[in-house]
Amino acid sequence: MKYSYYPGCSLKGQGRAYEESLLPVMRHLGIELEELPDWNCCGATAYMAVDEGKACVAASRNLAIAEKAGLQQVLAPCSACYLVLNKTQHLIHDYPQIKSAVDRAMTSVNLKYSTDIPVRHPLDVLISDVGVDAIKQKVTHPLKGLKVAPYYGCQIVRPYATFDDQFNPTSMDRILEALGATMVQFPLKTKCCGGSLTGTLPEAGLRLSYIILKEAIKRGADVIATVCPLCLFNLDSFHGKIAAKWESARIPTVYFTQLMGLAFGMTAKQMGLQRGLVPMKPLASAPACCAARTAAAAT
Amino acid sequence: MTKEWRPRIVAFFCNWCTYTAADLAGVSRMKYASNVRVIRLMCSGRVDPQFVLDALTRGADGVLIGGCHPGDCHYAEGNYKMLRRFQLLKRLLRDMGIEEERVRLEWISAAEGDKVKAVINEMTDQLLKVGPLGLPQRFEEWDKEVTRLEEEIRGGDAAGAGCACAAKLQKPAAASKSEVAHV
Amino acid sequence: MEMTRTIKYEADRVKGFGEEVMSVPGCEKLKDCIQCGTCSGVCPLSIYMDFTPRQVIEMTRFDFKNEVLGSKTIWLCASCYACSVECPQQIGITDIMYELKQRAIKEKVYPRGLPTPVLAQEFTKMVHDYGRVNEILLATKMYMKTNPLAAMGMSTLGLGMIKTGRFSMIQEKIQGRADLARMLETVDEGK
Amino acid sequence: MQSTKENIRIGFYVCHCGHNIAAMVDCADVAKYVKGLPNVVLSRDYKYMCSDPGQELIQKDIREYKLNRVVVASCSPLLHEHTFRSATAAGGLNPYYFHMVNIREHDSWVHTDRGEATVKAKALAHAAIDRVAFHKALETKTVKINPDALVVGGGIAGIHAAMTLANAGKKVYLVEREPSIGGHMAKFDKTFPTLDCAACILTPKMSEVGAHPNITLWSYSEVAQVDGYVGNYKVRVKRKPRYISEERCIGCMDCISACVFKEPKFEDEFNEGLGKRKPVYIPFPQATPQIVVIDPNVCLNFKRTKGPDGTPIVSDRCKKTCVEACGDKNAIDFTQKEEIKEIEVGTIIVATGFKTFDSKRVPAYGYGIYKNVYTALEIERLVNASGPTGGEVILREGKNPDGSPKHPKSIGIIHCVGSRDKKTNVWCSRVCCMYSMKLAHLLKEHTGAEVYNFYIDIRAPGKGYEEFYNKLLDEGVHFIRGRVGEVTDWAMTPEEEGKLVIRVEDTLAGYVRRIPVDMVVLSSGLEPQADAQDVRRLFNMSCGTEGFFLERHPKLAPVNTFTDGIFIAGACQGPRDIPDTVAQAGAAAAEALVLIDKGFVEQEPNTAFILDEECSGCKSCIPLCPYSAILYDETRKKAHINEALCKGCGTCVAACPSGSIVQNLFEDEQIFSEIQGVLAYD
């Protein structure tokens, strides 16, 4: 299986641990990712707030490049990218005025937008194309005893989720359970983390991150697993401020792909776990270089 | 005539579902194109392919047949009978060079007033694109052609032999009955 | 004691504003609102808003343009789409918020001192100029423009980013910058 | 062509229908146009043709102008064809010399351009003028009505309809799917707004039904097949095995106490799963008939695996203490099989009721996730004195510090769950506002708790309903106008700890509020029964887009269906409360009585017949007839249609290759002339 890979700005920036874990994990599962040549920013939530037409044009350039690349599908791991690329397709599809704006822009640089190339999230690909069983087979270091709060955030399920339930998604739960981890009951799985408001209006934004953190702790989670670089940033970066404003709610947050890598026997370093501000505790089952104690047992 | 051309649609609606749905569209004051003329039959199973051909020959640009949804026929399965006949009719029309969009079969239940509206408007739009069928005019032209031919033959040769084919062209509906009705 | 007039006269309405918003892709169903308040009930940020999302919908529908575009509400929307998917009338509330933000920026009537519109514009500019966004640089720019003091408060975080190898001062640029700029220009030309 | 001997004289009338037609169609112009058509002797436009003067006008004209054909252009023939045929007959003509043109539902109401609508009216009128010339005098056929009736569904609608018919001296079969009649009403504690005890007013009616000499009550049974037509339906009823002989069981319930299961262990359907029952049980104390049922899915005397046809297999491994307890009565019969009963009835009333919306479909409200979130129907059982807790309102989850059961101190009732929502059901379920208020009253009365109602709009249009709302306001029940966003269990403040938190905008105050409560009640809406589509097909009815059974006319024939002799009553037609249901059940019974007491019904003479001399005996028509009305006469090598069996669909007519089948009222010439007519305009 081969997909076009649209990393998005975050995965090349502060969210690089996501890419560092995603690529080897996907390779390990036999999925080839080919990075789109010269992709540009999707526009995220900010561009839509300034100019819808331009936002669609900017995002559609990537879709046109993907079309040119000739692969059947695009993989977009960042929730904002996933949403914006899908939304752009919906808008082009449903509104002739958007379509003509996009067409005009395409013609001006000799690009072409002709088909709605499927834009998919890694969770979707893992659940639908790879399958839980195939994932289970690759597990060498089961995450036994690890209690995870599965946190999906908003933008991969709303409003366009087709691969999972909009109100109670379970795809990540199923993947992580296949790794041997235990899910805590986490009704906040699709609540908003505050998005960019943690930076612009911290009082409002951080409160949302705080609620997620404190509830994860209250429900007995060891770690929060997420699918979005912005969610991870918000949940991981403001513990000091949160403690000052409300109470301490320190709990590590990781990308679900990092947990997958650990279960597949990859090292914490390979998975970029050292990039978290709140580090995840080494696992009893972790491979050799992480916990010397288990290394002996493993060999 | 300066009036812009509007397609003429003759519709055959079954009494129990589609005609009632059209009544519902009326009661609900839904608005649709005025160029459709509904003929009420008890069941879509009563629609003789001849009716369709006759309507087209007499100047209709399209024919719409409406019946109950499969499994919902008031007479158990008249709509299935219509469906089978419709497949053959479509083949015949294709052979005659009549565009597929001109004859349409739709299942519309008594509750689907909005579907009556949608189908009629959609069909009107499609026919506007396809343009007039104009069979009566075409027949007239053929008649003239044949008459001219006959005269030519009569003038050049003694006895004419083209009348049979002229008759056939004039009344394709009647001629086709035995081909299509027996299903 | 100074009194504020709260009654609204017809002259206070900017007639046609609601219709204009409703004509924008995604905002058509605005007129179907039954004012049930589900949007406000599910909105995680409604607790900080000057008008609840429901009120913004009603005010937009009745052409209270100045009040709507000057509100903080639209800048508190984090685009989480909870309102849109829960709305019993399936109104694209998030899209309506986007549309209102666009109008507020275009007419420069957003509340002063709010960093959100500044961030949005800086973001857009960065995309236009380079094709990609460097979050750290973007945040720095925004703080510099709105609240330099707060930027100082972020230094611990910056340090953390450096320590974990996530801090980069290099602005990534795409090859096709000119192409992208050209494409974006066609949108203005088409207007 | 038509008989040349007959001199056709047509009278044409175009109706204004007040402004309904005249506003969009130039009626005078239509009349003028028709005046110029062949065979038209007179052409008039008139304000209301269906009025008495309108009908008298037709009669007078027939006599004065010697008309022999009448055409009226007005509304839908489904509405007034009968009226004008009668007027034609009263004028001394055969009623089938009349034809009707629909220029209201199919023209003035659906078009917006007066010019176009007028052109269309002319074309339709033209078609009728052409067509009516070919009309023939026909005789109205009558069919006898079997006086026995069938009522399907034993809720309050079915009970009331059956009683009405039975009290009028008619024999009624009442078929109910569950082991007891009573339906949803039997589960209710009180009824709004009078707060009558539901059981007190219902159970006398139930036992009357059980004892009525004219009613054959078949509970635990379902209608399997319906054949025939108005006045003469043949119905097959499937009687499910209850493993108890209905004849021998006297309802002593000794078997229940003797069951090897000492304690009730299995989910009790009647109490919405809040209580338990044994494998041998009676659904509730007042159940009618008072006959126990054995549930083969849990009874030890049956195997866990079913037979290949899905029937339970007796294992004989139980001690059968029940059989012992039953003794001489010998009512328990583990070998009982499903039984099919065949009955013949003339009329059928379908009263199959509704299903409540599955609240799990609104995940934001936490039903099935948080134990202290209840459905309204669960609360009905919880506050009921004969319910699982004896009427004590106890929370499912949480105990007092001393270990005693906990009572709610604050309760939130969420209206419109599943209703008025385009994601689920778009309609208003009509009863929820009122039953929510009733439950608010009862819960407050039972617990003294603070009760909050969260509503979008309070809909209290009924006798004494608004007064009930006022009463609740006086009682101190809180009303917050806002559709609840979510019910969660996480606390943001100390008083929220351990509670369910309702997050809602108080839209009247303009504040978003978080309200902690101990108990949440979801006022789930009403939906069509899960098998409504199957039932609809069984009785040849239609469903509206929302899935409820469709009435023949929303205003004027609300209990009739499109199939003659089949009527609908109660919530199977749409959400409604008990008073409306009972009224409708009475109406359905009255409509059935009209047919029964008249004894016969007139039928459209639209049957088909074969022109003997033309029939080639090809037999292609024979398999097409769904009623097996066409027979083949081997000696004469011709087909023959049995008029009594023909229903007039015309399928055979369209298929006959030699054109030798004719359908009355829909003859080929009539339809061809109609086609010609509708196309005869510029």
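Note that the chains are named A, B, C and D in the order they appear, and that numbering of residues resets to 1 at the start of each chain.
Note that a residue touches a chain if its C-beta (ideal position, glycine included) is under 8 Å from a C-beta of that chain, and two chains touch if they have at least 3 such contacts.
All figures in this text were calculated on a predicted structure; none of them were measured in a lab.
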item	value
Maximum inter-chain contact count - chain pair	A-C
Whole-Å gap separating chain B and chain D, where each centre is the average of the chain's CA atoms	37
Interchain centroid distance [CA atoms averaged], chain C/chain D, Å	50
Approximate Å spacing (C-alpha centroids) for the pair chain A, chain C	23
Where chain B and chain C are represented by their mean Cα positions, the distance between them in whole Å	55
Residues of chain D engaged with two or more neighbouring chains	364
Chain A, residues touching no fewer than two other chains	167
Every chain pair in contact, whichever chains are involved	A-C, A-D, B-D, C-D
Residue ranges of chain C touching chain D (in the complex, touch as defined)	34-43, 46-47, 51-52, 54-55, 86, 88-90
Chain A partner contacts - residues on chain C that touch it in the complex	24-26, 44-45, 47-48, 75-76, 78-82, 84-85, 94, 98-99, 101-102, 105, 114-117, 119-121, 123-124, 126-127, 131-136, 139, 142, 156-157, 160-161, 164-168, 172, 174-176, 179-180, 182-187, 189-191
Parts of chain D lying in touch with chain B, wherever the complex brings them together	76-78, 102, 104-107, 109-113, 116-117, 119-120, 123-124, 127, 537, 540, 542-545, 550, 554, 562-563, 606, 620, 624, 626-627, 647-651, 653-657, 659, 663, 666, 668, 671-672, 674-676, 678-679, 682
Of all residues in chain A, those that touch chain D in their complex	167-168, 187-188, 211, 215, 218
Interface residues, chain D side, partner chain A - complex	363-364, 366, 369, 488-490, 492
